[in-house]
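A, B, C and D are the chain letters, set down in written order, and residue numbers restart from 1 in every chain.
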Amino acid sequence: MSVEIKIDKRIASVEILKQFENLLEIKVDDKIYQVDLMHNDEGIFSILANGRSYNIELVPQPKVKLFTAYTLYHSYDIEVIDAESRYLRNRTGAIQLTSENTISSPMPGKVIKIPVKVGDEVKKGDTVITISAMKMESEYKSPIDGKVIKIFVSEGSTIDAHQKLVEIE
Amino acid sequence: MQKFNKILIANRGEIAIRIMRTCREMGISTVAVFSDADRTSMHVRYADEAYHIGPSTSSESYLNADKIIDVAKKTKADAIHPGYGFLSENAGFAQKCADNGIKFIGPSPEVINQMGNKIQARLTMIAAGVPVVPGTTESLKTEKDAVDTIKKIGLPVMVKAAAGGGGKGMRLITNEKDIVSLVRSARSEAKSSFGNDSVYIEKYISSPHHIEFQILGDQHGNFIHLFERECSVQRRHQKMIEETPSPLMTPELRKKMGEYAVEAARTVNYEGAGTIEFLVDNDLNFYFLEMNTRLQVEHPITERITGIDLVKQQILIAEGHPLTITQEKLRQTGHAIECRIYAEDSDNNFMPNPGKIYNITQPLGLGVRSDGYVYEGYEIPIYYDSMISKLIVWAENRNEAIDRMKRALYEYKITGVKTSIKFLERIMDTDDFRSGNYDTNFIEKNKAILLADTKCTPECEDMVIIAAYIEYLDRLNIAQTSKEMYTAQNRWKKYTYQKNFERL
Amino acid sequence: MQKFNKILIANRGEIAIRIMRTCREMGISTVAVFSDADRTSMHVRYADEAYHIGPSTSSESYLNADKIIDVAKKTKADAIHPGYGFLSENAGFAQKCADNGIKFIGPSPEVINQMGNKIQARLTMIAAGVPVVPGTTESLKTEKDAVDTIKKIGLPVMVKAAAGGGGKGMRLITNEKDIVSLVRSARSEAKSSFGNDSVYIEKYISSPHHIEFQILGDQHGNFIHLFERECSVQRRHQKMIEETPSPLMTPELRKKMGEYAVEAARTVNYEGAGTIEFLVDNDLNFYFLEMNTRLQVEHPITERITGIDLVKQQILIAEGHPLTITQEKLRQTGHAIECRIYAEDSDNNFMPNPGKIYNITQPLGLGVRSDGYVYEGYEIPIYYDSMISKLIVWAENRNEAIDRMKRALYEYKITGVKTSIKFLERIMDTDDFRSGNYDTNFIEKNKAILLADTKCTPECEDMVIIAAYIEYLDRLNIAQTSKEMYTAQNRWKKYTYQKNFERL
Amino acid sequence: MSVEIKIDKRIASVEILKQFENLLEIKVDDKIYQVDLMHNDEGIFSILANGRSYNIELVPQPKVKLFTAYTLYHSYDIEVIDAESRYLRNRTGAIQLTSENTISSPMPGKVIKIPVKVGDEVKKGDTVITISAMKMESEYKSPIDGKVIKIFVSEGSTIDAHQKLVEIE
């Protein structure tokens, strides 16, 4: 099965060449690895390759082919690109998971203030929503000059991470 | 002398559990209180009894004094331990406890008031002969008054709210033309934050060291200090790392500051555990900054080098026992460092990062203590502080302690939310921290190193790709794998991804 | 003087990880070796490099000296740390390391041999003037010889294998008529266990105290002792609890025994960390029992009261550094206790209980150290020791240490396998342990209390019933719940078991 | 649904009377409890009842209606008896999960020695199999005078917990 993995900005192709139980021969781009790979239901991987002991944890994200990968020192955003996602990509013409002009919060929190209403003209840099989380308030600003076309939440409501908040056009 | 049989802990998170641990060692029952958001928090599960006190927002639960007192009365608790934050420095709450015949574990309402008002605290310290940061000793009356006073003291200065704390109602003035507007905005923020617009002026000390002394006072007029804590590694005016002894300290300075700290406690006839905070400049001049009339987050490093359980001392003092520890017998043994683990994106302006904890690996072994409260599967609420755990190490000397902290941070793995762990590890590697040559400007100064975007090796990156690929293949067969009902019995998988290959 | 860059750890389990922790703190890379059963063991994941060395059975993997040396050569390891057990007291392995230019972290093959043979060790100690248990100093030759000797010493006596250890080839003789048969069976067991049927006789000391001294010797003729460890709480001749200081010890006795321990080390020109075991009777007479030429399981309690990292000292000594610690500067601070957590059914004759670990809650907080290696979902192999972790506490004094240990054992939860945790907690409650008035007969003497079959309250039992019922209802809907793919995101459930009821 | 729970030797009937989210009114035998009950996929329960905070962990056993329950100080063997198990019980006439005369080991291990063979007459107390686990050997003895009718394992093989080893009749 031909599958590509997007890791931050890199896109790598990956393919299993041989397998004997937990011993795998795997090709990543043009490099071939012999790995002894064990993993469990919590996404914890122990990989031995060239004698090195690698510990990797994959945490699933709400979208099914997205993960956050943790190595010892780094975390990576991972996306699996298979036939299905390639089809979707081709159909929509571009990878566009969220609109650039839709403001969302990277973390859960509570909406403190929405100083704009639908139809308002805003300038790039204007604060359109204030979110509070863990005793700290963050102001989210408009990325463009434009008009508020949709507000998805209301003052006082609690929000999830990556939830759409305000759309500007 | 009273013997407590039951203590209500009016707090949550790591400090609630830390207090319950000592209660358990002393054979005292514990009562937890919790808000909507905290039903599944660890402190509820750790306590002997647990009662719901209201909605998630602190003001309607952990700050609801009456509700908490009701639970204490209902459960016949002998005393209330307030922890830190929330009601711990609330004189009104301490008074209500007294009115209801419940011992508040801490100083009297009068002392909390006296030290809570920063102007009054300054006056008290001046009267006791303790050096304070140069500035005014009364509230600014008019804007003209402000301009005149500030000119007399000389720029730069800090305007601070008398009722203040946590950086609210505080402004740095460096330019004469900004005086009026900044005083005005400090006053307005003070009014909205504390309901009191009284502000005062302090000389601004640039890049000082934050050094504090732990003190204990009993009901019988005995006072001791338990040495210093160096708290200069801060971000957004919040401490990140504390250590003791302070690398800046000399035995003479320690003796002198310690004596002042004890004098400060004696002056107000302080009962319980408290902290005297000082600013220290590079010439080792020191100034009283404020007194915290409660346990500090960073108290474990003092416990580690002195061997004394501070919560146990608080309880014994509240029961009326005289201190059995004398100043002469106290020793600082070795070196202790605390790192605060925040759920935050340290690389992105320390933005808080609440969310669900996926996996945790605790650092263990020689010289490592960890005080936390989150567990696997726990969802960190958005309503409270972002500190999820404290990592404390001890070693014979400072270098070894830094090496050990690095090792412990290396072992400490929390996935699902972003944490400050890796940022803290990078701090351990900076020359300035290693050499002990740092002040409150440390993080700003070392920003380039601390925010360096290092990547793992290409081979390591390829391993991540392989792991993601295997996980993906697995999920294609999810229906099959989830048939395996007892996951704990088979957490390590052996699937065949591709059939009929010979052994490699 | 050599600087090690890489160390191979020829062991598994908690001790392998404990050694790797210190290596990491010292900036030394680590190489793990593992058997079939240990592919997913923690030590494999903790190490920088990891190599498979054979099947699960120890004799084909962890005892396979040649294979381990091969890995050390291949990975260019500078040294091998043998931990305890396995090859740690194998002179042949130490010799092979030397022959291959790899430093064995421990004493020379000659010293291992000399101390490994119990008769030779006795002779060595007698020559050094150290008191030994009265008995023979040579191997018994004939059965007549045995009868004569035993009559001379006087019953009861122990027959012991010269090459012995672990209780094998050992018989207690209390009755004259049994002499011949018991000597014969000891000899036959010694032959089959160690390939050597040489046995000797020791006077039997009933209910003695097991007290051992930790020693360190460097390559430059410096020797120190790091005080005693009291190891009398044993079951099946295996230690369960150790503490230091020993409740039996007096300063005079400590000084005297310590001097003998140092003398014993000096006599054989000992290099590294070692332990001199003594039997002590109730009149404080003490006798050399044997020397362990390696790190002990219970070394952490010594680390805790002295502040010294013993593994770091082993490595520094092996690198050729002279000891920087002097006897005069060493202090015993406070009190430390270790409890060994075994996967066993303590209530059922301590039957081992391997299996899958379901959930673990680690005890944390002030004064608690835990050194383990199992994790949630881990399957404890059937092939190796049943000790899965060690819990070490420290406090200012013995009473506080016992209270803290009780608290830590209370917090320590391991489900899926039976463990000794609750049995250990009951020990903390016995009068004999509390008063420090115990010897090796302790568990036998307190059996009635320790095996008491207490039940939880009827209400608590009803809660278990309720939990089981809810879990059962849940499982009826298993198909529905397992659709929820990301369990960590929703570990606390909110299901409706019965619809349309109003709020209670 | 009428269900009984067997906890060690006690058999209790249990029934939900009311529920509002995690607040339950439950009857156990003739006692009625109001409990605030939370639990998760790992079988960890937090129950608040009459102010007390109870922590209970349930570990599933290989058989579907069996659990081991852990409270703070105790562990219990639990069996859920529902309509289906009652039917099975009635059919077989008795609860007989394993024959009394079938020897099994409570723990996993390795078979060291089987000193008997099928057809051998054995006396009560004769060792019929030796199992080694974690460096300790345990000898299992015949519970009756009788004849070895089946041996399920062979010397050198590894066994699971509760696996049938030798049957005597």
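We take it that contacts are C-beta pairs under 8 Å (C-beta built on N, C-alpha and C of every residue); 3 or more make two chains touch, one makes a residue touch a chain.
Source: prediction; values computed, not measured.
K.L.:
Using the touch definition from the top, how many steps at minimum link chain A to chain D?
P.N.:
Shortest path length, in steps: 2.
K.L.:
Higher C-beta contact count, A-B or A-C?
P.N.:
The greater number of contacts lies at A-B.
K.L.:
With centres defined as the mean C-alpha position, give me the chain A-chain B separation in Å.
P.N.:
Taking the mean C-alpha position of each chain, the two centres sit 32 Å apart.
K.L.:
Whole-Å distance, chain B centre to chain D centre, using C-alpha means?
P.N.:
47
K.L.:
So the centre of each chain is just the mean of its C-alpha atoms; given that, what is the distance between chain B and chain C in Å?
P.N.:
Taking the mean C-alpha position of each chain, the two centres sit 38 Å apart.
K.L.:
Touching two or more other chains, which residues of chain D qualify?
P.N.:
As it turns out, chain D has residues touching two or more other chains at 22, 38, 40-42, 52, 59.
K.L.:
Which residues of chain B are in contact with two or more other chains?
P.N.:
Chain B, residues with two or more chain partners: 40, 358-359, 377, 410, 416, 475, 485, 487-489, 491-492.
K.L.:
Going by the contact rule at the top, pick out the chain B residues touching chain C in the complex.
P.N.:
Against chain C, the touching part of chain B is residues 17-18, 21-22, 24-27, 40, 300, 303, 307-309, 333-334, 356-359, 361-362, 364-372, 375-379, 395-396, 400, 403-404, 406-407, 410-411, 416, 475, 478, 482, 485, 487-489, 491-492.
K.L.:
Can you list the chain D residues touching chain B in their complex?
P.N.:
22, 36, 38, 40-42, 46, 48, 51-53, 55, 59-60, 62
K.L.:
Using the touch rule from the top, collect the residues of chain B that touch chain D in their complex.
P.N.:
Its residues touching chain D are 32, 39-40, 44-52, 75, 377, 485-486, 488-489.
K.L.:
In their complex, what parts of chain B are in touch with chain A?
P.N.:
343, 345, 348, 351-355, 358-359, 382-386, 410, 413, 415-416, 418, 422, 425, 454-456, 459-475, 481, 487, 491-494, 496-498, 501-504
K.L.:
Across the complex, what residues on chain D touch chain C?
P.N.:
Counting only chain D, the residues touching chain C are 1, 3, 5, 7, 10, 12, 14, 16, 18-26, 28, 31, 33-35, 37-45, 47, 49-50, 52, 54, 56-59, 64-65, 67-76, 78, 80, 82, 106-110, 132-136, 138, 158, 161.
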